[in-house]
Amino acid sequence: MTSDTDPTVAEAACFEAGIKFGTLYHQFAGTPVSPDSAASLERAMEDSIENQPHCADVTVDVMIDELEAELADSAADYTELTGRFLEVEIVVDYEGCEVVTRMAMEDGYPLMRVASVRGR
Amino acid sequence: MTSDTDPTVAEAACFEAGIKFGTLYHQFAGTPVSPDSAASLERAMEDSIENQPHCADVTVDVMIDELEAELADSAADYTELTGRFLEVEIVVDYEGCEVVTRMAMEDGYPLMRVASVRGR
Amino acid sequence: MTSDTDPTVAEAACFEAGIKFGTLYHQFAGTPVSPDSAASLERAMEDSIENQPHCADVTVDVMIDELEAELADSAADYTELTGRFLEVEIVVDYEGCEVVTRMAMEDGYPLMRVASVRGR
Amino acid sequence: MTSDTDPTVAEAACFEAGIKFGTLYHQFAGTPVSPDSAASLERAMEDSIENQPHCADVTVDVMIDELEAELADSAADYTELTGRFLEVEIVVDYEGCEVVTRMAMEDGYPLMRVASVRGR
């Protein structure tokens, strides 16, 4: 039995995409990272999130330029991963509905948003 | 300019709800927890996630019975927080659209799902 | 059989204290936090780490003044927990040896150090 | 001015090693992991912790056999990283003192211990 408050396929697909973004961000935020270790962290973030159900593709860019700018002002040679060093795209495919979602900095806040919904 | 692949308000609301669930789970999974510390952890999980944008209400139940059953078989008096000790409800209110989402164990896996979408 | 490379009781106690500090910091770094939710997060951090073996006492201070200063420059009303908002003291009691350890900001880095070792 | 409750170099080295272990475990516990993604996660865990001060070497083994045994009983094709899938060695070199520390399962609990202290 269905109800008119049940989620549509596209709404459920968007919920799934949000789960992946929250997971990626809060699992890995705080990880010690440097320009030399950025590549292996990117790869592990992509591979681990792609394990989750309905996750078609994850692309993580740890921005080396931003890391280097941060470290130029610091006595340390590494920092903690946070949103201002990240650009991420996650594609979810759920029952034929494809949702593309992205994270990038906007007004100093790592904004996550739905870029497109196809197949609804 | 809008496109027919832009998310609807309800789809964006479901994406927001997913972010909150992924955040809650992966921020706090692994936290040392015992029957005595469960209440303060529940409260901190609720209060921290309610900080996030569009998050109307969070209810976290760390299931003491399940914790006690786990610890009865263990030499330790605490364990790590994971999905099988948790029941969670998160309500998002996004531009007039209310999304109710829940997590509970199903077939041994902590399943997160959209319970209802209202106001679309 | 013992060896002269075996740890002393005091060395093992300091190792235990370090584990608690790494746990506390990396379990909770990244948690959404605001002046209103700081108190429940402090309490949960203390209670959860006190579950760990040999942990006699944990005191967490989420510094509201520092949070408010950060948020005064921001469009958001919360931020992510990180070392510059924290002062922490952890006391370990291991086989009669008491180790007091502290974390506070020093030169822009959240420095963790052993304040005292007693009973060796 | 020093006091007889000040930590020795070897005690400070053991504290540093403990920090690395707590960091490694609680940063990465809960990460979605499968036999296919284990290798990139091992690499990222090693590289990220090696960024930390005084950390000479980190070796992480995500035990594929244990993962496969867990997944054989499950409807899912991935699980969450936890201690029973991990063997870890961390070597700290602090002011000429070398501390070797290890984590492995013992009686169902991921036990972290100091294996040797040299150069004290």
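First chain written, first letter: the chains are A, B, C and D, and each begins at residue 1.
Following the convention adopted for this analysis, a contact is a pair of C-beta atoms (placed from the backbone, for glycine too) under 8 Å apart; a residue touches a chain by one contact, two chains touch by 3 or more.
If you're wondering where the values come from, they're calculated on a predicted model, not measured in any experiment.
**Q** Between B-D and B-C, which chain pair shares more contacting C-beta pairs?
**A** So, comparing the two chain pairs, more contacts are at B-C.
**Q** Is the contact between chain A and chain D built from the same residue numbers on each copy (over half shared) or from different ones (under half shared)?
**A** same
**Q** If you average the CA atoms of chain B and of chain D, how many Å lie between those two points?
**A** 28
**Q** Can you check how far apart chain B and chain C are, centre to centre, with Cα atoms defining each centre and the answer in Å?
**A** 26
**Q** Residues of chain D that touch two or more other chains: which are they?
**A** Counting only residues that touch two or more other chains, chain D contributes 23, 25-27, 30.
**Q** Could you tell me which shape the graph of touching chains takes: line, ring, star, complete or other?
**A** Per interface graph, the chains form a complete graph.
**Q** Which of the residues in chain A end up touching chain D in this complex?
**A** Chain A residues touching chain D: 23, 27-28, 30-34, 36-37, 40-41, 43-52, 77-78.
**Q** Contact residues on chain A for chain B in the complex?
**A** Its residues touching chain B are 3, 5-8, 10-12, 14-27, 99, 101, 112-114, 116-118.
**Q** Which of the residues in chain C come into contact with chain A in the complex?
**A** 25-26, 29-30, 74-76, 80, 82, 107-109
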